[in-house]
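In what follows, subunit A forms one complex with subunit B and a second complex with subunit C.
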Partner chain A sequence: MIEVRLFAGLRQGREKIYHWEKGSICNVQDIMDRLGIQRKEVNILLINGFHQKPETEVRDGDIVSLFPAVGGG
Partner chain B sequence: MEPRYVRNLPALTEEECRRLARKRVLVVGCGGLGGHIIDQLARIGIGALRVADGDVFEATNLNRQLLSQVPLLGTSKAKAAADHLARVNPELPVDAVEAFMTEENVRSLIHGCDLVLDALDNIPSRKRLSRACAEAGIPYVYGAIQGWVAQAGISLPGDGLLERLFPEEIEITDKSVLSFTPALCAAMQVSLGVKLLVGRPVETGTVFYFDLLHQEYEQIPLA
Partner chain C sequence: MAYAYYEKIARINLTTGTVTVEKLDTDLAKKFIGGRGLGTKIVYDEGCATVDPLGPDNKLVYITGPLTGAGAPSSGRYMVVTKSPLTGMIACSNSGGIWGAKLKYAGWDALIVEGEAPEWTYINIVDDKIELLDAREYLGLFSEECDEKLKEKHGKDSSVLTIGIAGEKKVLLAAIMNDKDRAAGRSGVGAVMGSKKLKGIVVTASKKNADEVLASAEALKAANKDVMVNIRENGLTGGGLRALGTASLVNVINGVGSLPTKNWQESYYDQAEDVSGEALAEKYLVKAGACHRCPIACGRIVKVGDKVVGGPEYEPLWAYGANMANSDLASINEANMWCNEYGLDAISVPCTIAAAMELYQRGAIKEEDCAGAPLEWGNAASAIEWTKRMGDPKTELDWLMSSGSARLCEHYGMPEVSMAVKKQEMPAYDARGVQGIGITYATSNRGGCHVRGYTIAPEVVGLPVQLDRTVTNEKAFWSKTFQDLTAVIDSMGLCLFTSFALGAPEYTKLLNAACGTEYTPEQVLEIGERIYNIERMFNKAAGMKPEDDRLPKRLLEEPIPDGPSKGLVSKLPITLPEYYKVRGWEAAFPTDETLKRLGLDECVGK
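Moving on, here comes the complex of A and B:
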């Protein structure tokens, strides 16, 4: 099982948390593809609390957290 | 202790207040974040301020920018910051630079400062400022806002916080910011900066992420 947590604006039109069987999910990019989230929308991507890249492999039991980019001032 | 700083005590010690009074801080941007940051730094007793912004106020600023007022529409944000600071504390030395930060002037802007606070409104400029601070060995306090969300954190020279935060091109289409979001982010940035300047323990290389819509707070180690 993989837990996917979405934060702030990434929840719009989506759930806050997903629990998915690992199945064919290899990396975080696969999760973003399944959710229809583009790479340029995300600037913090954590696996089990550690910052990773979209290509990073996901393992059974992992918690993946995605935060949207924030840039205004 | 001057009466204006008495209510700093005992949250800050007298020695910490004296330390703050010896520090010069640069704030880049006098808009949403910058207005609140400048006000808070002046009131807590920072020694000297340099503020920079080449922009002028427009009507769309009025929903959130502390320094914006109807009579000031079309006038310089840096000048408004200097005027505001003169009313808050006429004895505070203020160097107001009415110019945008560029690759050409960033080194002279940060020169001689003990700390730099980012109150910019775009990611490429933030990365430029962060790089210049790292090269000059000056701590940099990041802050960014959007809608209901605020992010803040301290980057020490060489920790690469901004590079990790924005490794590639990021597209931000939502330009909304609500009135309270810059106030919260500025408070976080100034409190982090004050702790650093007075020598209190403070988390660096970490992004503090506030979502006011869902009442959530995350502390994310990145560097």
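Moving on, here comes the complex of A and C:
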């Protein structure tokens, strides 16, 4: 099982959280494709709390978090 | 007129009730820019480092930068520089709204306030006229009502800066408020005003801009146009902050397991979503709010009951939320409102309550001490009640709480429970999970603070590049560079948030256009370094010791117990010596060689 968490504007028209069987999902790009999220929409991409790239392989049990441009201080 | 200044400073002596006009030294402005830099130079030269911060010899410098009100993006800021009663070191707190711009439009670059008024006073400025008026009828009012009454008296075009009840009582966590809910929040600057019996400063300006002092209004307009492209095209400044405000960080920082929880005993809050920027926008947001000439609009205007008020930024959302294990978002909006109404630092106040909750957990504070507001984790009603008590302290515990976590925890013999640096509470990023920000905290001249070198931008948000948050490599360099650039931005009169989209070349372009200078970006960064070093020399004169550059023991010795950053500790013992090396400092202070390199000959041998 893979958990996908979406934040801020990426939630528009989508769920906050998805739980998917790993199945044919190889990397984060596959997840973004399935959700119709473009690369330029994602500013922060985390797997289990650590920054990764769309090409990073996803493993069973991973939590993938996608954020658009967010921040401040 | 030169260097985008009117070259006019008003020195207001409250003891004698006299106002004298002095000429701003443009040579000094070229060396320190203005705002934070020039303000620090003034208080350093005038010997404030060694005075009682709450005595008549301390001075308050309200100072603009060359870009304040000049039409550049997010250019409404002013700075308050003084000696902090909280830290005993340099205080420089800045604020937005429109007050700073109005001061400039009225023809004043800065105000130096000294002495102590015999009776409660406020300063009324109408263009070049400055008068001292009786403030007694405004005492004891909440910030919003006080702002409204003073505007009623001085006209709707006036802009009001005041202290709240907390400042009147010289509470060490008192802020200075302007334009109702904007705050120069940190380091107890409101208490310094209170110690002088100065309730407020009202400014009315006939002019609507200060274009006449610009080296070239045309050149600045062109530079603005260029940098606005960067601001608009950047996802954060071009829309992200307007949509969710800084509150969007709650889920990000929790996502990287670095959201301090229960007074930093943990660093992952499983109910973060309930108190996130997303939840705030969904349930309570009325609209985004913007300061003067700000295209970013990070402010939150929210509903609290049937009132519409300034809402919480990321820091209070965290401090009243995860840091107290409180998932009641409505209570956070309300507590934040009370911070504004009493004129309190909305970071240090909730952080001190969180420290008190840990003291309660450990049995040091007992239920019977709490007068009906037990300091249990997650008790939202108590958080609100203690905020009010800290804003208007009456009992011994009220006073202890209102003096910040360092003094509170020291009193109970548990100094390690205070999550503060130099007696000022650290903000919402766990330095165990994000290595660079720990350097910023430990070496911040004004004590625990994130906006003195916001390495969260590269370490978490990926701006301008994405760094590995867990490693120490090059973090000393990043922290120093961000500290120096921030000193420049704070001195120009711009908002730090522009730096998500702009870098040293863009700031240099704006500065050169406004001032008619020909700085290179390297020279501008060197000015920032000079400012950081003179602040440090102020602290040295004030009695700072090398061991004051520290982090609480918990961050060095207690690994994060759970969440994505489980097992991590701060590696400050590795990064701090590296930092001193890149700064040219030894044992926490600049060497004479460094001071000479930076043209700070007046500090050599001190």
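Here is the rule we use: the second predicted complex is superposed on the first by the 69 of 73 C-alpha atoms of A that agree within 3 Å, B and C clash if a C-alpha of one lies under 4 Å from a C-alpha of the other, contacts with A are read in each partner's own complex, and residues count from 1 in each chain.
In the analysis below, a residue touches a chain if its C-beta (ideal position, glycine included) is under 8 Å from a C-beta of that chain, and two chains touch if they have at least 3 such contacts.
What you see is a predicted model, and the numbers here were worked out from it, not measured in a lab.
Engineer: Pick one for A:N48: touches subunit B only (first), subunit C only (second), both, or neither.
Structural biologist: Only subunit C is touched by A:N48; subunit B is not.
Engineer: Just subunit B (first), just subunit C (second), both, or neither: which does A:V70 touch?
Structural biologist: A:V70 contacts both subunit B and subunit C.
Engineer: Examine A:F7 and indicate which partner it touches, taking first as subunit B and second as subunit C; both and neither are also allowed.
Structural biologist: Once the two structures are laid over each other on A, A:F7 reaches both partners.
Engineer: Across the two complexes, find the residues of subunit A that touch subunit B and also touch subunit C.
Structural biologist: Subunit A residues touching both partners: 7-9, 11, 43-44, 46, 49-51, 67-73.
Engineer: In the complex, go through subunit B and note every residue touching subunit A.
Structural biologist: 29, 31-34, 118-123, 126, 143-151, 164-172, 174-175, 177, 182, 207, 209, 211, 213-214, 216, 218, 220-222
Engineer: Within the complex, which stretch of subunit C touches subunit A?
Structural biologist: 234-236, 238-241, 243-249, 251-252, 255-257, 273, 277-278, 298, 313-315, 427, 450-451, 454, 456-457, 460-463, 466, 468-470, 496-497, 500, 563-565
Engineer: Along subunit A, where are the residues that touch subunit B in the complex?
Structural biologist: Answer in residue numbers: 7-9, 11, 38-41, 43-44, 46, 49-51, 53, 67-73.
Engineer: Where on subunit A does subunit C make contact in their complex?
Structural biologist: For subunit A paired with subunit C, touching residues are 5, 7-9, 11, 16, 43-44, 46, 48-51, 65, 67-73.
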